[in-house]
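As structure tokens, here come the structures.
Each of the two complexes below includes subunit A, the first together with subunit B, the second together with subunit C.
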Partner chain A sequence: MPVFKTPFNGYAVRFSPFYENRLLVATAQNFGILGNGRLHIIDLNPAGGISELCSFDTADGIYDCAWSESHDSVAVAAVADGSLKLWDAALPPSSNPIRSFHEHAREVHAVDWNPVRRDSFLSASWDDSLKLWTLDRPASIRTFREHSYCVYSAAWSPRHADVFASASGDCTARVWDVRDPGSSLVIPAHDHEILSCDWNKYDDCFLATASVDKTVRVWDVRASRAPVATLAGHGYAVRRIRFSPHRESLLLSCSYDMTVCVWDYRTEDALLARYDHHTEFAVGVDMSVLVEGLLASTGWDELVYVWQHGTDPRAIS
Partner chain B sequence: MEKSIERQRVLLQHLQPPSSAGSSLLSASVCAAGDSAAYHRSPSFGDDVVVVAAYRTPICKAKRGGFKDTHPEDLLATVLKALVENTNLNPNEVGDIVVGTVLAPGSQRAIECRMAAFYAGFPETVPLRTVNRQCSSGLQAVADVVAAIKAGFYDIGIGAGLESMTVNGPGWEGSVNPKVNEFQQAQSCLLPMGITSENVAHKFGVTRQEQDQAAVESHRKAAAATAAGKFKDEIVPVITKIIDPKSGVEKQVTISVDDGIRLDTTLTGLAKLKPAFKKDGSTTAGNSSQVSDGAGAVLLMRRDVALRKRLPVLGVFRSFAAVGVDPAVMGIGPAVAIPAALRSASLEIDDIDLFEINEAFASQYVYCCKKLGLDPAKVNVNGGAIALGHPLGATGARCVSTLLNEMKRRGKDCRFGIISMCIGSGMGAAAVFERGDAVDPLSNAKHTDARNLLSKDAV
Partner chain C sequence: MASNSQQPGMKGSLGAPVEVLLCDPEVTGSSPGNNPPPKPWEQAATSSGPTPFRPSTPGSTSVVVETSGTAKPGELYSNTGSTAANPSIVTRPLPSRPWDQNYGSSYGGYGSNMSYNTGYGSGYGSSMYGSSGGLGGSYGSGLYGNSMYRGGYGGLSGGYGTYGGMSNSGFGGTMGGYGNGGPYGNPDPNNPYGQPPSPPGFWVSFLRVMHGVVNFFGRVSMLIDQNTQAFHFFMTALLQLFDRSGMLYGELARFVLRLLGIRTKSKQKQHQPGLDQLESADKGRQQPFLDGPKAPGPSWDSVWGGDDAPKGAR
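Take a look at the complex of A and B:
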């Protein structure tokens, strides 16, 4: 399966919702501590291998990225200097970036594009806040300020246009409705920082959280007193969690233990597969919406892997 | 600069969570073992040796039991055949078969075993040898195969064990070297095993009551395991003949259960038995291992070979140790061998979830458990040789199938197991096994042979 070498350390990877062979990769120099960032748009070649379509540079590291759900060539990046930058790959370099929003006081750690409404996106920042944006406004529409420490992740509900979840270092996950003044649910989901969250794509009540306590937990937001499932198996903090777009109970996670894991939270032996192809922290994973079982991961080893679930990511086809 | 220091702090906290009170999760078993296990496992290379299948025949009483009229090699052939058939392995791929066998004359037994391989359907190209380390021969055979696979001699091998104590009994050919009188320990090698048991009981103060209690427990656990069908996965039924001692009529039978277990064994019953080896001794026929017939076989291969063949990983062979002890108290072998095997696996005795310690005699079994401070709930949970029988050469291989099947039943909480036994002439052997899926990186991930990267639309 193809591998793509990035000049900087990988931070996030996302499959395009429009093209099954296109991915977005966010990278940051010097492990995101100091230096530049670069956003790559890469294509899987039918003949095998990966080629770069274009790339965009930033003055600080990029921690996360997301495709626009409305324009197939537009992508947004969460930049460590607190800005959000949008590029249109269809436009010449002189017109890019098409937008640059700078409101967050600290590093922006995550972005997520609304998949239902398709006109807005969220950013989550280390300044303890989340912000809601649209392309047609010069400033954020709303700021969500309740968390008491870095917000590491934001995830729109795949079903409800105005609902999203956030995960924070204050050890809580929160569920929000943008029409409401405050969060509608606070889940003290872990005893340690929560680094990522994602919604079940089939049942709009189930939310997964990933934590520094090395576990992934699945919650039913209707009864959030106790988790529906606790998935233990990672050796270090779980950095990112994604629900499968194809199978209801399938989850994909990556961790500082350098592995990528596939889980089925409904089965007793929940850990379906462990991939240890990365040689540094694995911090970015995604599952293709358009090709079932196609996985992508990136890490601080500056490599992007794209492979079919069940195959060896390192195998050269 | 301050910014980058702050970034490092935030990221570092992901790796070193402050040990906040009330977080029991950080010591959760799976994670704790994952990065605090004293040895670093690296299954990504796939070059450790794993057990993919282990079977045994029923263990039957010598001279009176189900195999009293069975040729020994038929027992071996049955388990060898089961290994190949149940794994769909091409027998051509087996690099070597090593059989542990004790009492039978060496060369004749080696030839019988070679013939057994043919009976089992192995081609002439697959070699076979025997090994004799007395009571641990079966385990030694498995360890030899593991060592050969690790050395790269071959990728797939079978470690087996065979004993028919109906056909072969203990004996001594020729004269004893008179030099033996000058060497105390050499002289001790000639002691009957029962006397060494009495020595252990006397030297370490194991009472008759303790020994009889261990025997009762062994029968009770073995009977319960049989009743619960726990041995079904490991026992291969043997189709053989049996001759009625009175009428002399020959009859075809299928033997599928151990026939030495006596559910009705009680302390009062055992207390009535006379010491078998020494007038004022404590070792009786009731608290010693039974004289039996049986065979066992274990299919081993390198992990990557097992993964490629999509065979289940029943267990991982972690370490093996054979040690020497005073021949006069040879029964203490496990008490020395188990710590040695643990050391070479970089584990502690508390890491072990299950023990299979051969009950050659209740005296030495009780002593070893006490000496090592073992939790009785973890030792010989399905009974031992006092109830099942101790076909010398087969016992080691028998224990592998019993241990790994029990670990499989117990699930992920049961990660490490040990097999150990004492050895006549003063030795002990022990091997550490790990549950297969504890370290299986891709066990459940399906193989896709075709390059399946893009859908047809894109191409």
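Take a look at the complex of A and C:
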């Protein structure tokens, strides 16, 4: 399966919601501590390789990226200097980036585009806040400030246009409604920092959180006192969690133990597969919305793998 | 570093083109207004019955947020065009939904949450019991979830209202569920007007207070104990460190002196005799320490009796 070598350390990867062979990769130099960043748009060739369509440079590392749901060539990146930059791959380099929002006081760690209403996106930052942005406003339209420590992740509900969840280093996950002044639910989900969260795509009350305590937990927002499932198996902190867009109970996670794991939280033996193709921390992971079972991962070994679930990512086809 | 190198790019993007973009957000290189293919989950129905979320408001996100009154003050951009396009959102009063938070007034018999809270004891945190119908005491703390959220949900379907049944006392200990007996609330989840949990009696609350007090002192004593231990270890380690560093100093000093050619004879003399004796023992010479006294006469060999000792000696 194809492998793409990035010049910097990979931080995030996202499949395009428009094209089944297009991906977005966010990278940062020097493990994201110091240096530049680069956002790659890469294409899977039908022959079985990966070619780069274009790339955009930033003066600081890029920690996360997201495709626009309303324009097939627009992507947004969360930059370590606290800014959010939007690029349009269809425009010439002179007019890019098309937007640069700089409101966060510290690094922006996650960004997510609203998949239901398609006109807004969220950013989660280390300045303990989340901000809501739309393209028709020159600044953020809302700031969600309740977390008491860095917010590491934000995820829109795939079924409700106004609902999203956030995961923070204050060991809580929160569920928000953009029309409400405060969060509508606080889940003290883990005993350690929570690094990522994602919604179940088929059951809109289920939320998964991934934490430094090496576990992934699945929560029912109606009964958030106890987790529905606790998935243990990673050797170090779980960095990112994604629910499958095709199967209700399938989860994909990547961890600082350099592995990417596939889980089914409803079965007794939850760990379905473990991929150990990365030789450094696996940081970014995604599942294709358009092709069932197509997975992508990136990590600090500067490689982007795209493979079909069940096959070996390193196998050269 | 970031701002300097980024300035030209930002100028180019935030200058004139932005005005165009603000008027028409679809002005980008891609074809305007295209939507991605439908998501796989959009065809499937949601599988788990009622949800606690309010139905989404139609309109664009910026309009929805600004009409909800939660936008950042000072950053409310007067976009007359868009608000005029959706006048209904502002003018029409919404009917009170059952999942709205002021269910207390809409279900008149249950009494309002606030008054109950203030009447029942401020020491126990915010309401979680009150949300299930107003009769329950407010013993849940804000630690686990937003009580309003649960309350709203309980009002909607009844079955989930009593998740607060397993409450946390103000002192932090987890108390078992009471009233409806169990963390999962009403025995009949389909009966929204089921028996609300009765307020706990005097003894229950008194014992809860006692539990809190005992817990408190338990924790304090544990802390003191741990502190004492830590201090002890610290002191031990410090003394050991001084001891060892003294020895190290001595060794180093001897080494340096030897390097400088200064013999510290006295120290060597003290240590050498043992070595000399061992060497001499290897050479087979007479070694008084290893062989023991062989001299005849009164010796330790004959201590144990007259018969054995001479045999062994000879």
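As a working rule, the second predicted complex is superposed on the first by the 317 of 317 C-alpha atoms of A that agree within 3 Å, B and C clash if a C-alpha of one lies under 4 Å from a C-alpha of the other, contacts with A are read in each partner's own complex, and residues count from 1 in each chain.
Heads up, the rule we're going with is that a residue touches a chain if its C-beta (ideal position, glycine included) is under 8 Å from a C-beta of that chain, and two chains touch if they have at least 3 such contacts.
Everything numeric here is computed off the predicted structure, so don't read it as measured data.
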Checklist entry - Looking at the combined model built on subunit A, do subunit B and subunit C fit side by side or clash? => result fit
Next on the checklist: A:Tyr256 in the overlay: touching subunit B, subunit C, both, or neither? Say first, second, both or neither.
Outcome noted: first
Checklist entry - Touching A:Ala296, do we find subunit B (first), subunit C (second), both, or neither? => result neither
Checklist entry - Which partner does A:Arg179 contact after superposing on A: first (subunit B), second (subunit C), both, neither? => result second
Checklist entry - Does subunit B (first) or subunit C (second) touch A:Ala237, or do both, or does neither? => result first
Checklist entry - In the superposed arrangement, does A:Ala77 touch subunit B (first), subunit C (second), both or neither? => result neither
Next on the checklist: Given the overlay on chain A, how many degrees, to the nearest 10, lie between subunit B and subunit C at the CA centre of subunit A?
Outcome noted: 70
Checklist outcome for this item: Per residue count on subunit A, the busier partner among subunit B and subunit C is C
Checklist entry - Across all Cα pairs of subunit B and subunit C, what is the smallest distance in the superposition, given in whole Å? => result 11
Checklist outcome for this item: Both partners, subunit B and subunit C, contact subunit A at residues 290
Checklist entry - What does subunit A use to touch subunit B in their complex? => result 1-2, 20-21, 31-34, 44, 46, 48, 80, 107, 126, 150, 169, 190-193, 195, 212-215, 232-237, 239, 256-257, 262, 269, 272-276, 290-291, 293-294, 306, 308-312, 317
Item to check | Sites on subunit C touched by subunit A in the complex | outcome: 1-6, 9-10, 12-14, 17-18, 21-22, 25-26, 28-31, 33-37, 39-41, 44, 46-48, 51-54, 56-57, 60-62, 64-66, 68, 70-72, 75, 77, 79, 82, 143-146, 148-149, 153, 160, 163, 166, 183-184
Next on the checklist: Considering only the defined contacts, which subunit A positions touch subunit C in the complex?
Outcome noted: 17-18, 58-60, 69-74, 79, 81, 83, 88-91, 94-100, 114-120, 132, 134-143, 157-163, 177-188, 201-206, 221-226, 245-246, 248, 289-290, 292
Next on the checklist: Please output the residues of subunit B touching subunit A within their complex, sorted ascending.
Outcome noted: 3-4, 7-8, 10-11, 13-15, 17, 20, 22-23, 25-26, 28, 30-31, 34-35, 44, 412, 437, 441-448, 451-455, 457-459
